[in-house]
Amino acid sequence: MIPQTPPIVDELINMALAEDLGNGDITTRLCVPEDAMANGMVIAKESLIVSGIDVFIEIMKKIDNSIQVTLETEEGKTVKKGEKIAIVKGKASSLLMAERVALNYLQRLCGTATLTKKYIDASGVSASKVRLADTRKTTPGMRYLERRAVISGGGFNHRVDLGGGILIKENHIEAAGSLEKAIEQCKKYGSHPLKIEIEVKNRDELLRALDAGADIVMLDNMTPAEVKECINLAEGRAILEASGGINLDTVHGFAQTGVDVISVGAFTHSAPCCDISFIIELIK
Amino acid sequence: MIPQTPPIVDELINMALAEDLGNGDITTRLCVPEDAMANGMVIAKESLIVSGIDVFIEIMKKIDNSIQVTLETEEGKTVKKGEKIAIVKGKASSLLMAERVALNYLQRLCGTATLTKKYIDASGVSASKVRLADTRKTTPGMRYLERRAVISGGGFNHRVDLGGGILIKENHIEAAGSLEKAIEQCKKYGSHPLKIEIEVKNRDELLRALDAGADIVMLDNMTPAEVKECINLAEGRAILEASGGINLDTVHGFAQTGVDVISVGAFTHSAPCCDISFIIELIK
Amino acid sequence: MIPQTPPIVDELINMALAEDLGNGDITTRLCVPEDAMANGMVIAKESLIVSGIDVFIEIMKKIDNSIQVTLETEEGKTVKKGEKIAIVKGKASSLLMAERVALNYLQRLCGTATLTKKYIDASGVSASKVRLADTRKTTPGMRYLERRAVISGGGFNHRVDLGGGILIKENHIEAAGSLEKAIEQCKKYGSHPLKIEIEVKNRDELLRALDAGADIVMLDNMTPAEVKECINLAEGRAILEASGGINLDTVHGFAQTGVDVISVGAFTHSAPCCDISFIIELIK
Amino acid sequence: MIPQTPPIVDELINMALAEDLGNGDITTRLCVPEDAMANGMVIAKESLIVSGIDVFIEIMKKIDNSIQVTLETEEGKTVKKGEKIAIVKGKASSLLMAERVALNYLQRLCGTATLTKKYIDASGVSASKVRLADTRKTTPGMRYLERRAVISGGGFNHRVDLGGGILIKENHIEAAGSLEKAIEQCKKYGSHPLKIEIEVKNRDELLRALDAGADIVMLDNMTPAEVKECINLAEGRAILEASGGINLDTVHGFAQTGVDVISVGAFTHSAPCCDISFIIELIK
Amino acid sequence: MIPQTPPIVDELINMALAEDLGNGDITTRLCVPEDAMANGMVIAKESLIVSGIDVFIEIMKKIDNSIQVTLETEEGKTVKKGEKIAIVKGKASSLLMAERVALNYLQRLCGTATLTKKYIDASGVSASKVRLADTRKTTPGMRYLERRAVISGGGFNHRVDLGGGILIKENHIEAAGSLEKAIEQCKKYGSHPLKIEIEVKNRDELLRALDAGADIVMLDNMTPAEVKECINLAEGRAILEASGGINLDTVHGFAQTGVDVISVGAFTHSAPCCDISFIIELIK
Amino acid sequence: MIPQTPPIVDELINMALAEDLGNGDITTRLCVPEDAMANGMVIAKESLIVSGIDVFIEIMKKIDNSIQVTLETEEGKTVKKGEKIAIVKGKASSLLMAERVALNYLQRLCGTATLTKKYIDASGVSASKVRLADTRKTTPGMRYLERRAVISGGGFNHRVDLGGGILIKENHIEAAGSLEKAIEQCKKYGSHPLKIEIEVKNRDELLRALDAGADIVMLDNMTPAEVKECINLAEGRAILEASGGINLDTVHGFAQTGVDVISVGAFTHSAPCCDISFIIELIK
């Protein structure tokens, strides 16, 4: 069964279609006969993790509901270089008009899923042992889809938004008066389904956070050695999360510390697009 | 004077705010007193080209219209590592709530402008001699802003959308019957303000395109040597554009051929975010 | 300083204005001279907790930006019968056009805040000891504002949405295979900032949930006596939440058990509007 | 045939879905296998008048177009406690995701229809003899649906909005100069398809309104005895409408006067939600 | 004081701006220095009735909030050929970008107001004696503004929409069973603030409609002579409205009959744009 | 196959439906039984060129997806007076509710197509020899559809928007410093797929524009004789476009000059609606 797009992504799809097709497609109008039919193949030009194929389909259908899509894979699967992701059939003019917007989504989302997978591979640790989590550094309008792509790539999601998680940072501490007061406020007045996470810069703050009852402690911009030391100090009293300075070169070192969570902004703010081509062939 | 955001970007800003703040900011509510005031500094953590500072301001104002922003630079300028981009003043809670969404825009757009500049530098040729142009491979919802970022980085814009330029590709040719027929159709029924561009794969097609009266010929996936040969063959009869396989390593070779335009998808589909920090200090 | 409306509520305000003023105000056009000025007073006709005064202001300003509003109270404060909430000044025609939509918001949100307060008073326990929390049974489009109104009335917020909290219900258990498997899945693949809550129907399920490591256990449709028994059984191993069958008559009994949280759908699904009048006087 | 949602309600449905599902459903994702199928039954937990079943269906379909809904009743019908409203079949994950938003609508709209019916029953008079009418005190974004629910409950609609009816209130009179001038202005420049209604506070104003040619006179905040007296005075020269202070206890007294219309804000501003459950059973 | 745009028109303004400026203004970017200032004059190139000047201002402000507008006239006034409507001052680039969209609105709305006035002049009767009314044949998205323009031109508004007036047409009669039954249904179940209008084709139907108690009778596609005869027959028992076949040549004949209302679709469906120029002068 | 509406027009259709049906259709509700079925015929009451039939269908389907539409013609075809455009079948109530909004679109778009054809006929020259082109003077929200209607009527499209074409006008020249500098700037920094067009007022400016390398020269407000002289002067060095003062009386004279393009604002700003009726017959 063809997967259905989550309702939330509809508005951004409409914006993207308006950007590219708001004035029609003059070349296709001038060159392609109305009744010309075509097949299209979506092919991976590099090994990748699939994400966003439902959005690809939705865009095709928005342009022309009679386009037929046959999936050769599904969300979260690995596709090797040269393999097919989907086969499409419909009016040639419709395929040409939908191609770019549909690929713009698919390439980005596969990019995020694939980069997540690369980090996990680079970490040298199974994802269930050390979690690699995303951040709120997402592309405007794409948070839902990018978070799903991270999951599809084997990563984990951090808090959904500023209302769906408590994360006390330096400024919050300063405004509250002290680390202890900030945690106390959150314990007293926070939402009970949310754990309390706090960002610390050093060993001293870590110990104070643990004593104050933090559920999660974010170790900000520490070296793997410092993270390791914090893990020893914490003695399992809280979930520890390493953050800052994580990249494909350093992730292995952090993962080897055995820290519970490593959060990586790059999944959603700097993933390059995957190379995917859409080959259209006219049916004679 | 503080620059005003183009009306077109408003809808996506609203989506981005809804994504992050649609459920409020629980941590800030719990820790930051309503009357706490703060200063904020937007600082480049790497050398970059500024783009999107108007969107940054707009987001601040949407959260809290009383936030004051003082710009230390402007759209298109270079800012060195450690230099200030803007100074912000307002309620601490407002700055904390606006920070992430505002940075998500600014970091992406500076990323696009800065990558464009890197390509120009790597090309070894002045931008006015060989144009580096963007493509339609833009982030959904961000086309207007990303195209502007390319300009700010010293690049050029390709056609705005499928209605704002004629670009005959392989499938159009096939559907029209022949390269010559495709060009003839476009000449006969196209919009007179638009030049006619056609994609060719080899010398033979180039010569046929020139004979048929193409205004621009896109040399698809050729080596610099092949491009050079095409330039010689064309004898100035059309604008020549190299496309495909252009990256930071290869752009120099293409630029040295003296081709008129080099189009680069990476400007808008794979630019990593710039590293920019927003340092907030409470006013005691 | 006049409070600023959260960006998220703008879309629904526009819908409400379109509903009432999309065809203009014919009576006002026919009867009220363009230059007639008026004062308006927003007066509580019953004792209430204020919520949504920022939305009231925003609606006034959308109709006529020159309307001046002076607040006599603020979000979360108690206002007694006959006391003023705000004073408004502007063109008589503008006040008459804005009145109904502005009140429709204010009366509903004060209704939610005030009902929350009534439950707390009825519980006979301080809110910090036993938390009264809202649910996802909110009015379509009003979740942000209604959740804020609950806070203003002294209550607490439950999870923001289906993505901002884990709550395992009977069907999830059945689908996962067992209570233990459901909790295990959530521990293994869930988001680390979220606690794991599970709904149980009896003592046996409670003990199994505790053994499986649930952070929060929702005691579904139990009597206060059964809740009390569960509290004793749990021995503080998890946060306990009573849910179902809570109303103004029964809340006291549940609160007396000392359960950690009592969730009440009525705050947001059945709060009657507060009686608030807007008295307009023309300035001669 | 399954009823189709009116186009106007689509935008608010999207907002409600975004509120609850904008970040996905983490519990369902973690616990419910993709291929698990389920049946769902929508059951009245109290006797009620059905309204909004089309919106319920629309929300199900937006989440998953393959969900099948079979109606057991229709808009405006009475359903007794324990009876089925609809049967639903589809993927278990889809039903769980759609449940809350779909019920939030259905419970509210049934609440409005059912409360309207209760007022009619309490009035002791057939609805065709004394009309019970709604007001503009509707929930933001829900006016269309709430007005329909009032009709389904046996009530009548008052004017659609400020442009779809002329209703001269105290401030309009004051601004126009006098009651007579206000009516004259409306007669002279109003829209001919609209009757002219005016609000009066006492016998004297009633007589002046009748003499000036009002089509409808709203008797504001009068006792049933005063209303009765006005009816005698008016001698059928205008439609008389009682307004203000009408509740389930007082409506009988007002209805017994034989007044033409009784307008009741509570239908749309204070109707409690109906108790409706959605029982999901997995198909093994 | 500069008039404020009604909230309802905002969405269409945004669409119009997106249509013209969604891809920026390349010519202005290339030719006009950022700091060039200019004055602009909005001048009537033909005698016209002003309508929509508030929308003109709003569009200017949306492009650049620092643009200053000074009005030389106001909504509903007559401006002679060569006279100024408004004076504008601001950045030259902003004026050039806003010009076309702002004029597109102003020219259309003045067109509607002016055509309405021409019909009134052609009718040879004062508007207060025979009302010239608009219809629902409005431009998609422009109903609010076009109805206002009709008022500004001296005309009257018919019902606001399908919910804001009862108008029984031939098909309604047929579906109801008979003319009498249709009127009876509407009397029994309609909204009390609405009059009942019915369309008739001949004398017989007119008499039946009057006997059944219609408030307004629309005389469909009759000649002035037939209309006159109907007026005599009706003896003032209902408002009579002539409809169909009314144009600038025939309106005089219909108006001379003394019919109460003449409805004219052309006001809103076929009004040519007024000729208005926007002369920009750079400030040296 | 029934044509599919371009995605871009959806938003305006929703606005138009909200305008007319946002409050339901009271007359149809009161008079038309739910199960009454009907046939409808869309008939041309004058000879016309069809445009927008896909939008007509889309509106029908939005009201009631079970309505069946059979087309008797297609976009761009000529339909004679009395001929059918489409046959529709469905619930009588649905047809009555959809009728007006659907016709409002169809009549306008046929109006634009038909007026375009009248200009071509009046020009006395085949469209392929002298192009008649539209302008940016389009109805707010309707640009996409109106431009398509112009094509359907045999005309040509000018630039899509301010970003999709370079057109240097008097103010741009003045701001740039000189005609030559303006063209030079555009050549140097413009988008390579766009030709450079410049507006000139006289022979001298024409020659300077040609020397500076303009691709297209707009001859502003010249007489046919002046245009003819310019054609002789230009000697084919640029595309020449006549603009200003073109109407149905004068277009022949301009066309006889052999100028390349004649641009006509009236196509989109002053086309009267076509007379089209929708005859509904109940099925007994």
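For this structure, a couple of remarks:
Going in written order, the chains are labelled A, B, C, D, E and F, and every chain counts its residues from 1.
Just so it is clear, a residue touches a chain if its C-beta (ideal position, glycine included) is under 8 Å from a C-beta of that chain, and two chains touch if they have at least 3 such contacts.
For clarity, every value in this text was computed on a predicted model and none was experimentally measured.
Across D-E and B-E, it is D-E that has more C-beta pairs touching. Farthest chain from chain A, judged by C-alpha centroids: E.
Superposition on CA atoms relates chain A and chain F by a rotation of 120 degrees, given as a multiple of 5. In a homomeric contact, the two copies may use the same or different surfaces; for chain C and chain D, over half of the interface residue numbers are shared, pointing to the same surface.
With every chain reduced to the mean of its CA atoms, the largest distance from chain D is reached by B. Annotation: 43 Å between the Cα-based centres of chain A and chain D.
Separating the CA-averaged centres of chain B and chain F is a span of 32 Å. The mean-CA centres of chain B and chain D are about 50 angstrom from one another, to the nearest whole unit. Multi-chain contact residues of chain F, defined as those touching 2 or more other chains: 11, 18-19, 21-24, 26, 144, 157, 160-161, 163-167, 189, 191, 194.
If you check the complex, the residues on chain A that touch chain C are 128, 131, 133, 156-161, 163-167, 188-189, 191-195, 197, 216, 239, 241, 260-261.
Touching chain E in their complex are the following residues of chain C: 14, 17-18, 21-24, 26, 62-66. On chain D, the positions that touch chain F within their shared complex are 1, 4, 6-8, 10-11, 144, 147-148, 157, 160-161, 164.
The part of chain B that touches chain A in the complex is made up of residues 11-13, 15-16, 19-28, 30-33, 36, 38, 92, 96-97, 100-101, 103-105, 107-108, 111, 136-144, 160-169, 171-176, 182, 185-186, 189-191, 194, 265-266, 269-270, 272-273, 280, 282.
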